[in-house]
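This is the structure I have questions about; it appears just below.
Labels run A, B, C and D following the written order; every chain starts at residue 1.
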Amino acid sequence: MKEYAYFPGCSLEKMAVSYHQSTLETTKKLGIKLKELEDWNCCGATTYFYIDELLAYTLCARNLAIAEKTGLDVVAPCSACYKNMFFTAAHLKTDADLAEHVNFALEEDNLQYNGGVNVKHLIEVFAHDLTPEEIKSKVTHPLEGVRVAPYYGCQIVRPQKGKEDVEQPQFFEGILEAIGATPVNYPLKMRCCGGSLIISSRTAALTMVRNLLKSAVDSQAQVIATACPMCQVNLEVYQQQVNLEFGTDFNFPVMYFTQLIGLAFGIPPKKLGIGKEFVAVLPSLVPAGKK
Amino acid sequence: MEKKEKIGVYVCHCGTNIAGVVNVGEVSTWAAENLKDQGVVIARDYKFMCSSLGQELIQKDIKELGLTRVVVAACSPHLHEATFRNACKGADLNPYLCELVSIREQSSWVHTDKVAATEKAKALISGGVSRVVHHEALEPLHVPIHPATLVVGGGIAGIQAAIEIADAGFQVYLVEREPSIGGHMAQFDKTFTTLDCSACILTPKMVQAGNHPNITLLTYSEVEKVDGYVGNFVVSIRKRARSVNEKDCTGCGICWEKCPKKVVDNVYEVGMGTRKAVYVPFPQAVPKYPVIDRENCTYYIKGTCKACEKFCPTNAINFAQEDEILNIEVGNVILATGYDAFDAHRITQYGYGRLANVFTSLEFERLSNAAGPTGGNIVMRDGKTTPKVVGIVHCVGSRDKNYNEYCSAICCMQSLKFAHLVHERTGAEVYNFYIDIRTPAKGYEEFYHRLLEEGTHFVRGKVAEISDAVRLPGEEGKLIIQVEDTLTGNQLRVPVDMAILSAGLEPRADAKEVAKKFGISCSADGWLIERHPKLDPVSTVTEGIYIAGCVQGPKDIPASVVQGAAAAARILGKIQQKEVLLEPVRASVNQDQCSGCRICNNVCPFNAILFHEDTMVSEVNPALCQGCGTCVAACPAGAISGTGFSNLQILSQIDGLLMLNIPRKEAVV
Amino acid sequence: MSDKPETKQFEPTIIGFTCNWCSYRAADMAGTARMKYAPNVRLIRLMCSGRLDPMFVFKAFAGGADAVLISGCHPGDCHYINQNYKAMRRFQLMKRVLAQLGIEPARLKLLWASAAEGAIFASEITKFVEEVRALGPLNFNATGFENQPKVEHKEVPA
Amino acid sequence: MSKPKFAMYWAASCGGCEIAVLNTNEKILDVDANFEVVFWPVAMDAKYKDVEAMEDGSILLTLFNGGIRNDENEHIAKLLRKKSKILVAFGSCACEGCIPGLANFSPSRDITDTAFSTISTDNPDNVRPQTHYMMPEGEITIPTIYPVLRTLEQVVDVDYYMPGCPPESHQIAAVIDLIIQVLQGKAELPPKGATIGAGNSTVCDECKRKRNVKLIKEFGRIQLMHADPDLCLLEQGIPCNGPATRSGCNARCPSAGAQCIGCYGPAEGVQDYGSRLIAAFASVIDSEKPDEIDKILDGLVDPAGQFYRFNLAGSMLRAGKSAKVSGD
């Protein structure tokens, strides 16, 4: 049985609770044990690294130190959490001076980080640690004919791991194929969703969201699959704002990839947090008769 | 030391180049006094040792003082070792008894502290003197030369080389892997700047090579094994079964007309067109005999068909034909195995293979070629639509740390040629996206200006992405080229109908194996290494092996032809001499001390070490030995010695450099 | 070494082995370009770094060198195909033996330099000299026997 | 006519050399028949004084085994040199330092510490030997230990070298025969400086194992490997010193299934035994990747011991840095 240390991150507690639920449901089905870190803290999000780098590293290192005690790889479902933890782990490995400072601070908490943690994004577990056959074996309701735009966002492959293609990766498509869906060729799959610009530079962010939605429509997708709470919010929640700003009429479903997998696994939609969206999920995905 | 050597030390001022930093007078006086015990009988300093007066000074001393060894402290041996060796030879002293010590490149030019530089010069001379005592008089090795030559690769460089040698009256074996000679040049439509039709200038050469009485053409063949050494190579060549008897075939073409099996041609037509299972790659192929592609032929797959055999008027089809191994003897070899085009799939953001209307340069060559799949019509992938806007991306896979750091040399000119052809034939608007425009040969810059006048757009910037994600009005159905115009600092989105990736050149996928087979080396990039990048560009470290064309590095047709001819000229010179002189810097095995442990056997990359099973000893073939000395160091029994770089020479030089050869008087603490 | 004044900073003596094709030419190149570097290294030209016999290194240390530099063509660029790999393997094994003999392995340096890398050659030498200076003199005196205590010979009682 | 005089002496050595001499069995009687044994501390009672009283050059043949570890060794080496016509460095210790020479890895301080203050030593007051000590009867002295062990030739001029740890008895017998023949005028002495009682090539020459081209992916210790009994051991990754070691032992160890450890010393013309093996082993390692090479080298657990077990004192460096430098 595969076992990971699980770092849900703040978003999954409230805003992205459906991501949290669907993650737990689908991994349970696949026999994967996610052990939530004890007493984890915020990853520092986007902003903290620009305010106090050392403290931000320490913040992430605290989670890493807790994870190190479990001896497991740590998995983060949020792309920003993943990126922060991954970079922190990488920097601490190469910068002895930084490691010393950080460990000095961690000592206050009786913690120590020795550089032994492997950080993974949740999607890597599905894409690399599981074979397509393992996923296929759990599929009871293949999403046949459903055209999905795999939206990677800008952070998942940004710290390049090994030789993987960072310009046109294909692993998300692989997961979608395994659950019977049809991944469309989505040219902007690696583009930024605007991230926190939605607060600081609203028009710019809305333009980015508009481009992503338009490209999904042009690609004849029926739904966008995401792997990050921030992407999900920008693409889904801000659609009405985009429509107001640009005179468009998007009403385009956006779902976490784990929700799509869960549906294919025959998990009841409610358990996957479906029903809380701003844009209704495709009726074909949740046919009548299923709760 | 039984006999005391008489050594002369000559310290050069090199004008002020050396004397400005090193106190040459002090050095020479010091050498005369302190190196006396080593055998120094005279030490002089002189303004320019390399001048004829300087050389005469040495020669005079050799004659009058009976010098048996000479040490010259001057510039790098790479500059003047030959000069001073010849000077010694002129005075009847074996040239190998002269040692050049570099006190210019290694002292005066690189140090500012005059005292330290002078002391270092003394140490270097002391090392040279200690070493020269153990030099031996050497004679170059004489090896006879077989007059035949092997040319590997039938592209333009190989063809040129073969014709030059054959015209001079000597036998040439021209080996080509594909069914026809011609190489990449046969795929091209026009050649840049002159816009000559490539086939028009290449075909006569191919025919000439094919018909030449002194050229044995071995197409559809590959070199399996190379043994021997300069002047005396024995080469095994696998002549793959064509399934066609060459002596019966007339090349009439009925077989490929009747063959029912169509195959996508991934070689000559780069996937843009088809051929039959029995085929010649292109109409002007030399030789004219077809080949049956056994992987795709219905008979070989299913056991029935034989349409070609039925219709062949001369019964030339031979399904049972087998590969033949030919063993030939040659004196010299030219490697002209060319290049592979960069695989544009690797740059995923340019969408080649994903976006239909992204083409590679070789695809465009076929597209624009009158004999190509579209009859020379420049159309989009649908086979009919003429593009209105075409973008040409330079440096695809070149000058890029992620792929190849080097410049592929031909892409700028190739792109300009494409721009011209597109413009001329379709009237489309053409954009060239370039990093720098490089036009460094006769008529090239002028061609660039011609393109500028034709109205081609030039955008300086590396293309970030080619995408079909439309955003703005007017972009529908187009490919969007995203690029920063680095001259204006603006981000551009250029909608085009067709994008052409001007792919760079890469070493052949098997370049390293080929190099190993022939005992030469590849650079880290994979291009074969020439003996000297400037002064000896077509020979290699292995005597008798020459390189020509793109196998040595990216270059265009004129440069390839030049190298082919140059390699041929070098070989003709060698053949005319009938024998070759080899540097006597060689290793040899003392047969009494060798106990056949076989540690040295595969230490030599030139296969110069032979193991005799009967006597259980190893032996170095002096003609194959390149004198690196690795086996000398590797021999656990100390049974291998190196002429010109013996242990004694080097150990003594260490002693000298550390001044251990100088009797310590009161210096001992 | 003994011929240097005590008051000045320690000036190490380093023996350097170069190959004829790359690193010696890099030294030439550094010279032609008048790049300055520390004068402590005295170079020996071998045809190839593959010629490097561990004995040469030990001889240099035994003879009073404070450090030894081995240089050759970059891996993959050897003029003799792949002989520099043999030098690399000997270097790695030699370092282990030196460590056992109590000689700091940092006194033995392997430097790849192509004929074009005069600047790298020069700066690496200067860097190496500083590293050796920090290590201090090796004082490895294997030729004499000066360290033996002087014993006055008395009649040895039977 | 009186018989020519013979002497044999042991300095820093184990005594194995004398046993090897006795192992020549009845050949020892030939020695007695042809020589007058004047000095041989292991076999007969003699005093240094008696030797000192001899005329210079009056002993025809002296076999000297053992290295020079202290001032007594040096004194006797010089004394015997003066008194002997032919001085033979007998056995590995005298020729190249051998096992006693391994002490050259450590400073002499550490060596005495090991002898007098380890956990197994019953020496509560940490008594240390003194070179001079006053007793009521007068001053007594013991020899002074030197910082490093030297070979015989590093101290005095040596005429012949006879390697081996110990020299094989059949080789000793052959040398005795030769010298007797020389005495009888039937043979000539080899040139001065020659190695006697051994071959000129290497152990491989006498080894019957089959040899191929070598490419080593892994080194291992012989007890942990299942070695092919007919194949060259080195090829199988067992660090066999045979390729660099002088022949003369009939490849005893490899024939018995064990790797050669090099007791016969360097082959003819070899200047630094260990260097030869370092270069040779490294040359045939089958890897071009530094990490992988390091991993392969990890299989050689004690490289300095492997390459210099018998030869350290006679090697180019002669000793480790701590033994050399801390000449306190």
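Throughout what follows, a residue touches a chain if its C-beta (ideal position, glycine included) is under 8 Å from a C-beta of that chain, and two chains touch if they have at least 3 such contacts.
A quick note: this is a predicted structure, and the numbers were derived from the prediction, not measured.
Of the two interfaces, A-B and B-C, the higher number of touching C-beta pairs belongs to B-C. Distance between chain centres (mean CA atoms), chain B to chain D: 54 Å. Rounded to whole angstrom units, the spacing between the C-alpha centres of chain A and chain C is 55.
Between chain B and chain C, the centres computed from C-alpha atoms are 34 Å apart. For chain B, the set of residues touching two or more other chains reads 603, 630, 633-634, 647, 651. Counting only residues that touch two or more partner chains, chain D has 271, 276, 279, 283. Residue positions of chain A touching 2 or more other chains: there are none. Across the whole structure, chains are in contact as follows: A-B, B-C, B-D, C-D. Per the touch definition, chain D reaches chain B in the complex via residues 200-205, 211-215, 232, 234, 242-244, 247, 266-271, 276-277, 279-280, 283-284.
Residues 2-3, 11, 13, 15, 24-25, 27-28, 30-32, 34-37, 39, 42-48, 50-56, 59-60, 63-65, 74-83, 86, 90, 122, 143, 146 of chain C touch chain B in their complex. Interface of chain B with chain D (complex): residues 592-603, 611, 616, 630, 633-639, 647, 651. Those residues of chain B whose C-beta lies close enough to touch chain A in the complex are 347-349, 354, 467-471.
Residue ranges of chain A in contact with chain B, taken from their complex: 165, 167-168, 185, 187-188, 211, 214-215, 218.
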